[in-house]
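Naming follows writing order (A, B, C and D), and every chain is counted from residue 1.
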């Protein structure tokens, strides 16, 4: 009969293995968490530069103050303080196609365009993408930010580090061309946001698009835990409830 | 009127701050993810030894092969591959009082015992705890493992590293005493498991018990992401369904 | 070898059974959803009065306008519109020991008190409970409401229906005594809230305390779905984000 | 300034309104849960026939024995019995584009085809749909079942009831044509499954496709609660873990 298959890890009575390495003697105390995460997800120990860019991305995505995810996590904790995992799960569920998870959608879009036209001119590809999204009346993933209207400062920084690590490639080139084209076409600056920049960098490193959303989920778990540790000491969830109710229009 | 309060982070049009530091100029590319997570959750940049023990704990908790959390994440992905975040949330929801989250319950138990009797003899405290749990017919959190019946190899290793970092203290002493007392009382070896060991170490570092479950959630997010990356390439979720159905008894 | 066991349902190539009944020929089109839910959870077809009280409880708990659960569900949907189930899950996670799920905690408290003293005088039991909670500085589950400070209008109504169904018993008597005692002791009216009333009614019907939280979860799933159907047409999640950010105090 | 808007419900100190009706005097004890759910989600009290078909769909979708959702919910409960809502959320997260939530995808597909060609011949539309999905190498949503290979007995029954209610229309006609065309094209019977049938019926009633997934989520909440009530009495989650581990292949 067929068996369940996994190459990630296994254990016996006395030993535990992850990706073929002995967890106790080769990993705990020997590698750090970023290396461990990349080893598990990617299957191989990361290079120095891969580790460096992964750390930069994880730090970048950890927190952005009070976000929709944080609001969900805190209001959930207000109702169910018995379950830390429940409020974290509630917050992570918002890392989707519109916010945060968009890094994956951006990587998918860039990768598809470049695979379809490996030697195509970036500006020509950008023009096509911008016009396709306009026709379908869809937002281009990875662009625009309600607060950082002058440009998301995290985007420029992560591109710098990617370049320094030797990862700047065609995907960063293409997303930069899209920024120019979209801004020209709309007559106002449409900046690459943090999720978009991460998507481009992940694609240039050569990781799968899913890695972009994966890094977002790891980073945001830490960020949400910080908010809930604070919520446990100085609760804001019920105040958020009150604030929203007080600002809800009377029914017609 | 009152305002929502948070000391974790905030942003303006051009800048983002986390714990008072400029995210773009002081954190991205400057600190690694473990430092960032501890800074966010704890409010201060960790010492070298805190970072070292946090990395060891995070690596230790990242994966243990096919666990109930992994089964939940994979079967969820089989039904809803459109939502990576949904399958991760599904897996994290099992990090509770019985599995994985037990590190927090262990830290709570040890901390309460030592706070109530700061100079008490460890063996006497252990005897009292073991008999209290026996009377209430409850399991002592942090003990026993279905696979590692001879002792969980991760426990000894994390105690070693804690000692090496200068963190070995009264909580590790107490949990070790509980292991002896419980084993003697039951007439069979009742080993400290990984979650229990982590709970004791977290308490000895001086972190709050919630930090124990927090580290478990960060670590397991990475582990679950590895399993789902694999699931996307080589699906096992439907096979798990089939296996469980085939092994379900016919109704009476 | 042991097998997985369940008495809820099973299926063959051509037939599906739930609680021993043929789903297609005996249930679909023959019973309504409330009967089906009670049959599944309780194992037997409900009596007319059980069905009536279950419907009243489910209707009562379905919606209360913008609640923390609704805020979580809507902010989650703003980030991840690709997953309806994700936003519903996010909202349900707040049905815990503090809000909504409190019905179960109330039923547990009342049931334990009456089991410990089956013939005890309700006022005496109430005095003991109120003083126990005061000593432990814990809130009595099922009491108080931020909006309905004069009394939760749903509580009186569900007690009326319970009486009409022949279910008014010792648990409703006890919670009413606690309301009087707690209000006298605090010098202000501490009203039974909807969750508390439901907990008392569920206990008087003879259902397990878990049934109280179960009915809350079913009812609130419908309520959250209504909010998300509206959110999809007229999005409020991003407005909630903006509102909360605008009302967040500048960091010190 | 703009305000948060909702037409679902609101409350004052003494009254609660849902869709303009007084919850306490007009709804609790006056309407049943199915009516309440449809009122909330759809905005209007359902007709008798709408209520009847909704009940039939809800009963149909409540349970199908041990499914991936049930496995997720039970393994989650094994780790975190402190949170009933967590295990239900974990189970619901699997109601996605591949399983259960497929009812929505089916309704979307059928509705789009009929809107694009309101008077088109069903067989011609079916041929086009089948060939489009074949070209894209995608599964047609709402077809096939691992157990009910001879046809899903729930599909025929819900079509019967839909007809009896006067709801049989172009969407049921089209899905039936797709079943014939797909089966002929593949040379084996590709049956409409329960989710597919529900999607077609929902579209013929005139509800939005999201209503199909919404009814699935309400129904499955009840089903999952039944499994967890049983799990609390007779735990299977750890046995599922053991079973899966024992049937996992040794790593290469």
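Quick note on the criterion: contacts are C-beta pairs under 8 Å (C-beta built on N, C-alpha and C of every residue); 3 or more make two chains touch, one makes a residue touch a chain.
Note that this is a predicted model, so its numbers are computed, not measured.
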*Report which of B-C and C-D is connected by more C-beta pairs in contact.*
C-D
*Provide the C-alpha centroid distance between subunit B and subunit C, rounded to the nearest whole angstrom.*
30
*In whole angstrom, what separates the CA-based centres of subunit C and subunit D?*
23
_Interface hub residues of subunit D, defined as touching at least two other chains_ = 4-7, 10, 65-66, 80, 82-83, 85-86, 89-90, 93-96, 101, 147, 240, 243-244, 247-248
*Connecting every touching chain pair, does the picture come out as line, ring, star, complete or other?*
complete
*Write out the stretch or stretches of subunit D touching subunit B in their complex.*
65-69, 71-73, 75-83, 86-87, 89-90, 93-101, 146-147, 237-238, 240-245, 247-248
*For subunit B, which residues count as touching subunit C in their complex?*
3-7, 10, 17, 20, 80, 82-83, 85-86, 89, 244, 247-252
*Contacting residues of subunit C [partner subunit D, same complex]*: 2, 4-16, 18, 23-24, 27-29, 31-34, 36-37, 40-41, 52, 54-56, 58-60, 62-66, 83-86, 88-90, 92-96, 101, 104, 147-150, 153-154, 157-158, 160-161, 208, 210-211, 213-214, 217-219, 221-223, 225-227, 229-230, 232, 234, 236, 239-240, 243
